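Naming follows writing order (A, B, C, D, E and F), and every chain is counted from residue 1.
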Amino acid sequence: MSEPSLVAQGLELMIFGMGVVFVFLTMLVFVTNIMSKLVNKIAPVQEVAPAPARAAVPQQGGVDPQLLKVLSAAVKEHRARQK
Amino acid sequence: MSEPSLVAQGLELMIFGMGVVFVFLTMLVFVTNIMSKLVNKIAPVQEVAPAPARAAVPQQGGVDPQLLKVLSAAVKEHRARQK
Amino acid sequence: MSEPSLVAQGLELMIFGMGVVFVFLTMLVFVTNIMSKLVNKIAPVQEVAPAPARAAVPQQGGVDPQLLKVLSAAVKEHRARQK
Amino acid sequence: MQSLINLWHDTGLYHMESGQVIMMLVGFLMLYLAIKKGFEPLLLLPIAVGTLMVNIPGAGLGWSAAEAAIRTGDASLLAQFRDLFSLAADATVHDVLHAYHNAEATLYKKALALGAGAGFDNGMLYTFYSVTIASGVAPLLIFMGVGAMTDFGPLLANPKTLLLGAAAQFGIFGTVAGAVLLTDAGLMDFTMQQAAAIGIIGGADGPTSIFIASKLAPELLGAIAVAAYSYMALVPLIQPPIMKALTTENERKIAMVQLREVTKGEKIVFPIAVLILVALLLPSAAPLLGMFCFGNLMKESGVVERLSDTSQNALINIVTIFLGLSVGYKMSSDAFLNGSTLAIIVLGLIAFCVGTAAGVLMAKLMNALTKDPINPLIGSAGVSAVPMAARVSNKVGLESNPQNFLLMHAMGPNVAGVIGSAVAAGVMISYFG
Amino acid sequence: MQSLINLWHDTGLYHMESGQVIMMLVGFLMLYLAIKKGFEPLLLLPIAVGTLMVNIPGAGLGWSAAEAAIRTGDASLLAQFRDLFSLAADATVHDVLHAYHNAEATLYKKALALGAGAGFDNGMLYTFYSVTIASGVAPLLIFMGVGAMTDFGPLLANPKTLLLGAAAQFGIFGTVAGAVLLTDAGLMDFTMQQAAAIGIIGGADGPTSIFIASKLAPELLGAIAVAAYSYMALVPLIQPPIMKALTTENERKIAMVQLREVTKGEKIVFPIAVLILVALLLPSAAPLLGMFCFGNLMKESGVVERLSDTSQNALINIVTIFLGLSVGYKMSSDAFLNGSTLAIIVLGLIAFCVGTAAGVLMAKLMNALTKDPINPLIGSAGVSAVPMAARVSNKVGLESNPQNFLLMHAMGPNVAGVIGSAVAAGVMISYFG
Amino acid sequence: MQSLINLWHDTGLYHMESGQVIMMLVGFLMLYLAIKKGFEPLLLLPIAVGTLMVNIPGAGLGWSAAEAAIRTGDASLLAQFRDLFSLAADATVHDVLHAYHNAEATLYKKALALGAGAGFDNGMLYTFYSVTIASGVAPLLIFMGVGAMTDFGPLLANPKTLLLGAAAQFGIFGTVAGAVLLTDAGLMDFTMQQAAAIGIIGGADGPTSIFIASKLAPELLGAIAVAAYSYMALVPLIQPPIMKALTTENERKIAMVQLREVTKGEKIVFPIAVLILVALLLPSAAPLLGMFCFGNLMKESGVVERLSDTSQNALINIVTIFLGLSVGYKMSSDAFLNGSTLAIIVLGLIAFCVGTAAGVLMAKLMNALTKDPINPLIGSAGVSAVPMAARVSNKVGLESNPQNFLLMHAMGPNVAGVIGSAVAAGVMISYFG
């Protein structure tokens, strides 16, 4: 069995490659459609339990979004009154 | 000297293990009590010197706590006056 | 060729070392002067294009500087009026 | 045409074995528990994905270069491995793999070099496992980060709760004895090392379990890690019945004395004191407790906030990602689907129950002997599982006395339990070292 | 006096070769493109600095211990290397280096050990390259981070846009065929592996290109990475003419149906579904798509926000810094200044154009076959280059119909293109594995 | 019973040697200085904990697999090490250890393989040291982060202050000469390499000191690192008396011309210009200055803020933790408790003083030769120790003239000092390379 020529190999890779890509993504279209229907019918999402323990540690350098909300609301009122 | 049986080894590890754990943590009780007394008597905590040099670089993504203090104080006053 | 004495080597390293340091930094003085003139004459800085794609992802824990600017401006006005 | 056949031979379906299918189902179960039930998701989610990945047939994500060479190399390469392991010329791939997995260190390294020399690469999960777990580094860095998150205040305010953290470690050593008795009865076939590694699950501390398992019984690491984290998540279900069975309603109503204020100085000196005691008494606990105290000292000293922040955030998160995936490497079907896993699950549960009971009983004993009243419900927090176990103490306490807040009182034994299980780990390293 | 001469011999000027001068100019050009033109600066800036550093004459930042020993060691050491590579006694340093660079794995490792044993160190960039790229780890971690940044919502709302992401991969495989034909015509001299590695540029995905090049044709990695990132930055220039040439004004005006809301559950299950499909059909794509899905699952599950944040920020940033510098290691003048680089630049551009055209044509085909109207402009987004290509679709669409916002519609094929090129990468690994 | 004895033999008390006790006291002293006195706590605190850990008797945190095997292995293993090092059959453990520590690279690696093959592990601190310091990577990454924190604006506004940064490096080379003279006088016994590594303390730059010490005299690394960081913290005590002694009240009152505005373009091009000069003149400084310029370019270019942020925060913090602990590895009693350490402390102090004086005198010289007035107090900032030394200049200046703010003027020589000591480091690498 002699080695196929480089051009033959190149074309082979092209055909196989596009074939696999299309087969894979086409199957993914079907899988996704089915999955979406199943998920939305059988198990409508409930909120997950709050992450326990160590997840509760506040994020690095984060600013309390609540505080920012309060502040910016206050500023808005402030401006509104200024007009 | 023949190898002791597996059961004997297991019991031995149990007794030694719990023994060491209790000895260690009991000593830690004493050490902690003594330490607390010493620390609070001899060297009541002074505030440490402000960290020098590169420690002075602001924390990642951090917001100047001073600024936040100013802002939230301002917002409080603002609200107080609104009532 | 016999190995020079330790003292001779030490003095040699001292002289060469300081020599290279001065040559390097003196050249850097000239290069910097020339560079500054060139840069400011030939290519006065324009604002760079906004970083594309993934650079657009917001910084970790960052606070919108625009928001802070708005807030602190508001607080300043607020204080000014209080006086 | 040959290529097309190669491609089919390369699909997962062609290679899929029933064990891999089952392990993938185990992976999905863990995902469900992590995402929908909130079971320690920080670890279980990466472990689950690692489990899925390592069981993808033919992908070889968990193969070393040697294993890849043995499984997929040509005949002459296989012959070289046969020679290396002094196997007969008719030894199958399966025989060679078996010899490889059981080779002692020098021969193992030669096999790795032979595989790498033939152009094979280590799989991703094998690489992660080597760097993070086999080296012992990842659990230590997690411990450092946990140290930087730990507040010893409640413990310092009431140091004798350290004894509750000591008592609860009976879950560890009692389980070792149980595993050994099972083996003696011919029901299981554990070595002392394996029994010790299983017992450590009772410490209710994930990184400690992984650290000890990687040293004493790496072949059981996957099951041990999963059991440890799962039971830590199940603490709110496992502990209350035991706590109630061992206490009277009146005991559960005991109100404890308000904790005193703890000064900054005490908090700074405490981790140093622990480190000194480790140095004097139990050097084999030095890596775990050393890094734990280092993390805590970074936090409490207040002078290296940048380092403390990073070890609590970016660094521990990075390590957690790799640690979780790496545990997945030990979740291959050969390693997981056998009787040991079942025994580990049963013994791990017993370990948790025994530790809980020992903590509660110790609290009752102390209550009988000392003046300041101790609510025995805080004894169960001695198992570790910070801060879940302390919350459970608080919750059960509130059921009997809605005015009695035990949370802070339970945090003392809770963090004592972390120290206790690290000490127990040190004993084991020393015993087998 | 000898020291003074040594020092002069140690200056860069004394050693500077013309190739290094040219490569430094290439480095400056990349800096200019990154800083002034905003060409993918996150990668191009570190690559540019890596290029400058590796071409500093005499600094040896890109030398392994073996290369440093061969180049700067004494005569007896050189003789040992000659023996190792079975070279004649009159082989020059250049001959020995050539033998070293072309040695197979076992001999290569022996050479490294010989150099290290003689007291030489690996250069910084060589070390970075070994740890991040040669190990395959860095591109995978980038993929994890990108997964944690990706929103599959638009794709899930309209799954058939996955086919656009499939079609655009014709840029990859068409280019492979082109490179092979060039070689057949005697114009170039590429192996199949090299042709495949060049083709992957058409995937418009940086980490995938680096991952495949490091496995199939590491000697071309520098040029491939630079070409991939440069063309990704040039998408707004390359794509619009092709898009306009292949579509009519009326086609460009097509308004698409509003996308439906996608639930959280779908988003959580989707990465798991992709992983299952990978396991069943194409295990060789497991590393890339596995890490991508892992990152996405961390994000969508919502239970491990700390890990998701870290993988999108600290971790991906750290890896990007090292990845960029490491690519610089492959930007030495020997590796870059040859005909291959020119061919890579030309073929890479062709790959982008072909991929763009294939995506647009596929959209037109689908439009002819299905009911819901598809604006063919979103087909070009199938090449990946997230989110640049989707923005280009939107912009060209707005030119024809100022009321028609295609951005969200184009995000579907855009992220499908990432999956598509990872699948293509898996095909190549499987084909050559 | 045997186990009980084993356990006692495993306690730290049983093994504690006086040297270890003293080193632990040194560790406590460093903790005190870091926490209570604020001496460069980011480095000194991890170094102190590393010192405590490495001196825990019997814990072996600083042992390689080879050292663990030699110290704790059985007789037959010890015999294998004797053979390896060609020692007589009656060589003691101590003899074998001595041979191991002084073995050349190839033999050293064989010893490591022998220890690992016998099932021993590398200690944690040994692992950290190998990965971070021996590889040279950690100091380079710190330099990158420092580069990303550095503002060259004041230097660019007044480039001739670079000469102050040059002059202050006389602290480095003067100390080398001093160490050599001490040796010549028979008072000490330093090699040229050791003298150079000690001299670099005068550069007042921690990572540079560690980088050079790890290359030229790793046996002195612990003492050099501790001395460098301690004196950097003591700059406010060391410098003012020298500055006042060498200047008149009138000189200290000199007001300097307001610095001009520096454009963004200049700031972007400057690190590139430095890199070019390094490439042309002193390639051996390429690793340090290359990474420094890379960090600065990331900052100033403004297009890679995520990378710049990460290198200034998460990455530099992670590296700092490991670097500090790793320095601790070199703080074992054998390495630290000897005459060299005392000499290093004395010579390091002299280096700081000489550097300060040279900077001030150079400023006076420049003042005599140029038109624009230079306050000689800014000369002392040329030693580096950013931004401490510049603050000292400012403070001493304010004492003489409460209206004269020298801080910005002193930042020029201050960052010039960083470049200067990196250049000096390059000279040393080139001289001994």
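The definition used in the following text is that contacts are C-beta pairs under 8 Å (C-beta built on N, C-alpha and C of every residue); 3 or more make two chains touch, one makes a residue touch a chain.
Which protein is which chain? UniProt says A, B, C = Probable oxaloacetate decarboxylase gamma chain; D, E, F = Oxaloacetate decarboxylase beta chain.
For clarity, every value in this text was computed on a predicted model and none was experimentally measured.
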Task = Could you tell me the least number of steps, going only between chains that touch, from subunit E to subunit F?
result = 1
Greatest separation from subunit D - chain, by CA centre = C
Task = Give, as an integer number of Å, the spacing between the C-alpha centres of subunit F and subunit A.
result = 45
Note = For the pair subunit B and subunit D, the C-alpha centroid-to-centroid distance in angstrom is 23
Ask   = Could you state the distance in Å from the CA-based centre of subunit B to that of subunit F?
value = 30
Subunit B and subunit C: spacing of chain centres that average the CA atoms, whole Å = 38
Key: Shared interface positions of subunit F, touching two or more other chains   = 3, 7, 35, 38, 41-42, 281-282, 301-304, 306, 309, 313-314, 427, 431
Multi-chain contact sites of subunit B, meaning residues that touch two or more partners = 13, 16, 20, 48, 51, 55, 57, 59-63, 71, 78
Query = Can you name the residues of subunit E that touch subunit F in the complex?
reply = 3, 6-7, 10-13, 15-16, 24, 28, 31, 34-35, 38, 41-42, 45-46, 49, 52-53, 55-61, 113, 116-119, 121-122, 124, 127, 313-314, 317-318, 320-321, 325
Request  = Give every residue of subunit B touching subunit D within the complex, in rising order.
outcome  = 5-7, 9-11, 13-14, 16-18, 20-29, 31-33, 35-36, 39-40, 43-45, 48, 51, 55, 57, 59-60
Query = Within the complex, which stretch of subunit E touches subunit A?
reply = 155-156, 159-160, 162-163, 165-166, 169-170, 172-174, 176-177, 179-181, 183-184, 192, 195-196, 262-266, 268-270, 273-274, 277, 281-282, 301-306, 309, 416, 419-420, 423-424, 426-428, 431
Task = State the interface residues of subunit E toward subunit D in the complex, per the touch definition above.
result = 104-106, 109, 135-137, 140, 144, 268, 272, 275-276, 278-284, 286-287, 290-291, 293-294, 297-298, 301-304, 306-307, 309-311, 313-315, 427, 430-431, 433
